[in-house]
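In what follows, subunit A forms one complex with subunit B and a second complex with subunit C.
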Partner chain A sequence: MTDQTTKASLPAQSPPVEAPPAQARARGNWFKSDGAEPLRRNLGLIGVLVVLVIIGAATRPELYGDATWVKNNTFTILQQASAIGVVTVGMTFVIIGGGIDLSVGAIIAVAGVWSTTLATQSYGTAGMIFTALVVGVVVGLINGVLISYGRLVPFIATLAMMVAARGVAAQISGKQTQVSANTTINSIASTRWLGIPVLVYILALVVAAGWVLLNRTTFGRRTVAVGGNPEAARLAGINVKFHTLLLYALSGLCCGIAAIMLTSQATSAQAAMANLYELDAIAAAIIGGTLLSGGRGTIIGALFGVLVFSTITNLFAINNLSTEAQNMVKGAIIVAAVLVQQFRYKSLTQLLGRSSS
Partner chain B sequence: MSNLSRRRILFGSAAVGAGALLTACTSNTPQENTQVNTNNEEANPNAAPGQKVVIGFSAPAADHGWIAAITNNAKAQAGAYSDVELRAVEAGADAATQRAALATLIAQKPTVLVMLPHDGKELNAVGLEAMRAGIPVVNLDRAFPDRAAYRLQIKGDNFGMGIAAGTYIGQQLKSKGVSNPVIGEIPGIDSLELTQERSKGFAEALATFGFKVANRRPADFTADGGQRAATDLLQALPKMDALWNHDDDQGIGVLAAVNQTNRKEFFMVGGAGSKAAIDAITADNSVLKATVTYSPSMASSAISLARLIGQNKGMSDLVELQVPKEITLASETITKENAAKYAKLGF
Partner chain C sequence: MTTPDPARPGRSADSPAPGSAGAAIPEQPAGDRPPPTERRASEGHSASADRPAARDEPAPAPEGRHAPEGQPAPEGQPAAGDRPATEDGHTPGEQPAPEGKPDRPNLGDVVLRLDGVVKTFPGVRALDGVQLEVRAGEVHCLLGQNGAGKSTLIKVLAGVHRADEGSITWLGQPFAPASPQAAMRAGIATIYQELDLVDDLSVAENAFLGHEESRAGFLRRRSTAYRTRQILARLGHDHISPRRLVRSLPAAGKQIVSMARALSHDARLIVMDEPSAVLAHDEVRNLFRIIRELTAQGIAVIYISHRLEEIRDIGDRVTVLKDGRTTAANLPARSTPTRELVSRMTGRTIEYVFPPRASTAATEPLLQVEGLTREGEFADASLSVRAGEIVGIAGLVGSGRSELLETIFGARRADRGTVTLNGKRITSIGGAVRAGMGMAPEERKSQALLLDEPIYRNMTLSSFAGYARGGFTDTGKERAAAAETAAALELRPRGDVNRPIRTLSGGNQQKVVVGRWLLGGTKLLLLDEPTRGVDVGARAELYQVIHDLAARGVGVLMVSSEVPEVLGLADRVLVMREGHLIHEAPASEIDEATVLDLVMAGSLMEGEPA
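== the complex of A and B ==
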């Protein structure tokens, strides 16, 4: 198998793959190996992003000809991706750890609504942020306890939480939209530092923290072990139950951060907010190369997954195309990403089998 | 191990403390603005207490300001009558749960049944059943296809709302002398019939001026959905002349997006007529210059009319001895000039 065939199986032609040939040959074996799978996938996703931008530039040349507009548009795409990106980081951890969290949208709603009640708002900015984060973590912990100690299937436990948490949010808010009167919170979405929106910094920070946590700490190694083979992980001395509990709490924390970001963007919170975020986050994690069965996945891939969706939304908006068509394309991309994953995984195992025999 | 358990105790007590602090934070009593017809017996002979009427009431438990206002208005209006007893059941999350809730309500034999169905088509059979059992049905806002399924239908005018918004925008742009305007539209949930009617009315009204919608980005009736849709729209239209946002609740997010992008070159028209929107129009310090009504006051009127139906009375201003079968509210345009008059109708 040459480098060329590997490239051909990528979802799109990606310029960054064209590394100097000498270097590619030297690293050829490694590049084809199982360990380089995330790298190849990320390059593929970057390729998809480049293609999307080229389509945008071809369809609306007058907009893309304006440098300020392009810069602003890039920030808009990143801003639109920021809250869902933070949620996806938490979701990626949960999925790598062999679980799933269907309640993320509902946790955002309950954290957002709780932190914008009149009583909480009277405690000021710190009180609101504290409330959103703690509510997120607590709801995540409840999920974790139900799953690891109550032995509920993650799908069922978080499905129940999704319904219940929306109920709590509707109860607290009295089904009204709660407007945030806190100017500090509201200004998070409009403030820029050094020309870059604060929301983008938050996203970058969370992604960086997630990357370090997954790749450079024992917590991350344990997450992969627990998701890959829980029994082996237990025999290796990992407290699988407690670790699973922590993963859901982490997802809850991410939802708390996202709740503040969304509240700031919409200057309000309501029980119906963050509608279907669970599906967007799962989809982004999956197209970023996270295995739904656990044990494998990357934070950077998940980030690219979110960015691909955000860029598609942007592309359809600037061309005034219907959201129906946009949803169909999104669906097709999810299927394509999983097909690529399966195809590559199978061919790789065959390849490895052949070389070892 | 002792080290670990101490850490856990610390974490545990910290969690309990945080929990205690948080529960104090759920107290939440915003002022409710309900629209009630306070009765004046001299002016209106129908206001005099009459035969006791038990009104069964059911509306979806949707988490939207408009639906919340519907329920609050119905309760407040019923409370204003000494001869009305309101039995309200929440309709839950979908048509099936509402059907179950209505079955228990019908079994209690109320004098009149007022309902805002999840979906008129799906609950048509329940309306028929109640009418056959001799309980007059007042359908609020979402029409039953079968005319035998209701005694009275009172609803807003979605098509008219689009017409009102389109006409206002058209007139404003004409008077400013804009020849080839860029007009944006942010509808609510696009798959709903009501959204399609609104958009159709809007397009038709604009067509009479020779204008058309340049870009439309549907949201989902939530503020965060409105913010996302508006951000996309503003990005797609670097210069815009006018914008119609179908719903004032999602308009909170739309206005937030407008402020975040610092855009001021266009004017915006809202929809529904929320208190926040009317206040913003009065203050005249944002791009929001008008809103077209789709008022939840129809719930108050529905209770008043249900009472008259229960007491076999007509509307005193009309010649007919009975309440008419269909009432469609006109969609009115609220601008800075008449905002004061509408302030009490905001929800």
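== the complex of A and C ==
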């Protein structure tokens, strides 16, 4: 655009401003550079992860002594985190954009069930994947239209969708578990490339794409603007409604991907699949530093949030502990993470406020 | 006007009542109370003959004193000087009537006195020596331009803010309410412009909000309803059911509920902040009737309004504020000439430093607005702005100016009329921005900024897509462009465009918003109250920025409540009043008093006593 307009007659101050990465590099401190930003921001969660691993090693030293077991267990954790991780990426976008999507679990169920009907399976692997993705996107678009143009509150619109979509899934499947006869789909979960499960690649790919989308594209910039101050975004010429619509479609797309991953893992789909995924995804996004009121959040943080949860699940599994206790610990971790963030945010703003005055 | 008057016939009828006013009224239907109504009706011409002491006698004093207009009067002195004059007129009348309860001041007693009240906020001296004296049973009008300190003064009285210096005496006692509740308990109720009612509670629940009648934690609904009904009857509105939801009431009805709340606290002083702004014409009549009845019961009213005719109608005395100081106190509301009031409100002490202005060459209009209308907001607005021209719209809050600006920008849909920029029809924000229009909205924080984001991202909010390649943002280019603009705008602190914008001062935040449109290559900039919340020093810089923009060929359409700002900056001035553009003149051919007069009264003649 035309930035030279600014120059003309205004008294020119010596403008050259060094970009901060350069400054940081000059100081030779990698940790303070932009590149280390995700790491720095998520130090707390990384700490929690390390603590969890240490607890695991302390409680089951005989298992953690076995390097192969540790490797395989790590992949198990990642694999368990894969589908929910993909959903969380979409959820993070929606929350940063100032919304919420309670219907992700239900969308997965519809997409999973629809793509495993006998009719769909007859179109082969591509047909099934295509169906899951399209169903996800379409349901997301319906959410988006209701919210953007029907002016429903996101909570209400997606709550209604959560109920309705489960109904649709039950209707399609006739409440039966639909077994996938497609060997390609079924083998995704069991295949490893270079010793790493394919599901982990998919997660990594989605996370990477999400990170780039949020931090390096105009789409991501709009998302932050729309969530941070919708009125300011609108008055700056951003089409807030259309962008909101896209965010829910994106969340739906992630659900479609997750539906394939879960179908592959179970070699079947049913109306009750991905139960309570919405809560896990929201919790992961929140403990990853995403502000529930919008405008701020990180993909990497959300990923760490997911990893913390699946590590806890794994920890309880290897110690043969009940899921009840596991849920209590999860709840405690959500509260603790948000408290820590609030505290950190407050002290940060105080600090900034002081330096400005 | 209920200032006491020895000769007033209604007095003896009123006096026994005030102590038990609340209970007495229901049996005596409000409309039938003769003294206040009759008194009002006859006031038009015979007032001066009947009661020279109360209304007309003080007039010569201030007039003689302030005769040399525009000359900066010694602050604070007029207040002190005027007071004895009025007081002398009244004292004889007050003394022989001590029949009220001791805590119930008699009509005409001074209930509230402010002396040298000062309130500072970081960077602003909002109140800088306010004198004010309010008597029981009078309607005391507070007049002043936006930013004169009226709102701060109200908030000090309402217990929201605490005065830094000066004394406030309320019913003979020093008064420093620690909270709004404390002020309420002391008997000072405030009715704010934006009524602070809970829409989903009933009338009775709102009236007694915060001091609900209860027994052992259970609400006494019937007793509350009964008392509410009594109060509503006292206000002459017993047709409003106490059980009705406030949401279902029209604005006038809500105002009645606010007043009922004040009376439920047994308020002795009711502060009304522009109560007529939300009312239709006949509702204002009704409001005045209620105010008259309240004052007849000995309640004092501080009435704030920009409409001079209202002040003349309902007011007894006027105190004028300017730049946080009392510039004239206790002027008679009816007989003080408009010129006098206006000159008390203007006559600057704040320095406005406007850069000299080169005249613009006549070019084709850049922006053309024809017959733009939004029902209930503004009607039939037509204007044009040329490249390099600054056009200013002067008008009060609520005159429809912000709505007009937002509609021109496409942020609101016009009912009728057209907006064209460079021959392109504008109907949406997206279209406006693409055609080269930009806007700095009135509420900077809620409408323009991403407070958590760095300066450069706020600066490129409308143009980041232009720096992007294939959908990928180029933050390096953005930072460089933002840094360049920041330097050109002399943004402070210098140099770091990665700072969160929240850490900047108001003036510098505004520069970022202006810079945003510079980066976008804007041809026409709409500025809504560009210097609101901006301190004096930064103002001068913003003025310079606006001038430089115009010099570069950008057309500017600005709105401001501060008349000197419009006159100092603009080439051409439009005056807006109640949704209509009523006057247009080159800035060099119109003065502040004229504009202010147009803004408030609509014409120079109106409201001027014969």
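Operating definition for what follows: the second predicted complex is superposed on the first by the 316 of 357 C-alpha atoms of A that agree within 3 Å, B and C clash if a C-alpha of one lies under 4 Å from a C-alpha of the other, contacts with A are read in each partner's own complex, and residues count from 1 in each chain.
Assume a contact is a pair of C-beta atoms (placed from the backbone, for glycine too) under 8 Å apart; a residue touches a chain by one contact, two chains touch by 3 or more.
Treat the numbers as computed from the prediction; the structure is a model and nothing was measured.
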{"item": "Touching partner for A:225 - first (subunit B), second (subunit C), both, neither", "value": "second"}
{"item": "Touched partner set for A:234, first subunit B, second subunit C, both or neither", "value": "second"}
{"item": "Which of subunit B and subunit C A:170 touches, first, second, both or neither", "value": "first"}
{"item": "Which of subunit B and subunit C A:271 touches, first, second, both or neither", "value": "first"}
{"item": "Subunit B versus subunit C as contact partner of A:179, first or second or both or neither", "value": "first"}
{"item": "Contacts of A:217 with subunit B and subunit C, given as first, second, both or neither", "value": "second"}
{"item": "Which of subunit B and subunit C A:152 touches, first, second, both or neither", "value": "neither"}
{"item": "Which of subunit B and subunit C A:279 touches, first, second, both or neither", "value": "neither"}
{"item": "Partner chain(s) touched by A:292 [first = subunit B, second = subunit C, both, neither]", "value": "neither"}
{"item": "For the subunit A and subunit C complex, residues of the former touching the latter", "value": "1-3, 5-17, 19-20, 216-221, 224-225, 228-229, 231-239, 295-296, 349, 352-353, 355-357"}
{"item": "For the subunit B and subunit A complex, residues of the former touching the latter", "value": "15, 18-19, 22, 24-30, 61-65, 67-68, 190, 214-218, 220-228, 231-233, 235-236, 238, 249, 252-253, 255-257, 259-260, 276"}
{"item": "Subunit A partner contacts - residues on subunit C that touch it in the complex", "value": "122, 409, 411, 429-430, 432-434, 439, 441, 446-453, 457, 461-468, 471-473, 476, 479-481, 483-490, 494-498, 500, 502-505, 515-516, 518-521, 545, 548, 551-552"}
{"item": "Residue numbers on subunit A that touch subunit B, as the complex places them", "value": "63, 66, 69, 72-73, 76, 79-80, 114-115, 117-120, 123, 127, 131, 134-135, 138, 141, 166, 169-170, 172-179, 186, 189-190, 262, 265-275, 313-314, 317-320, 322-324"}
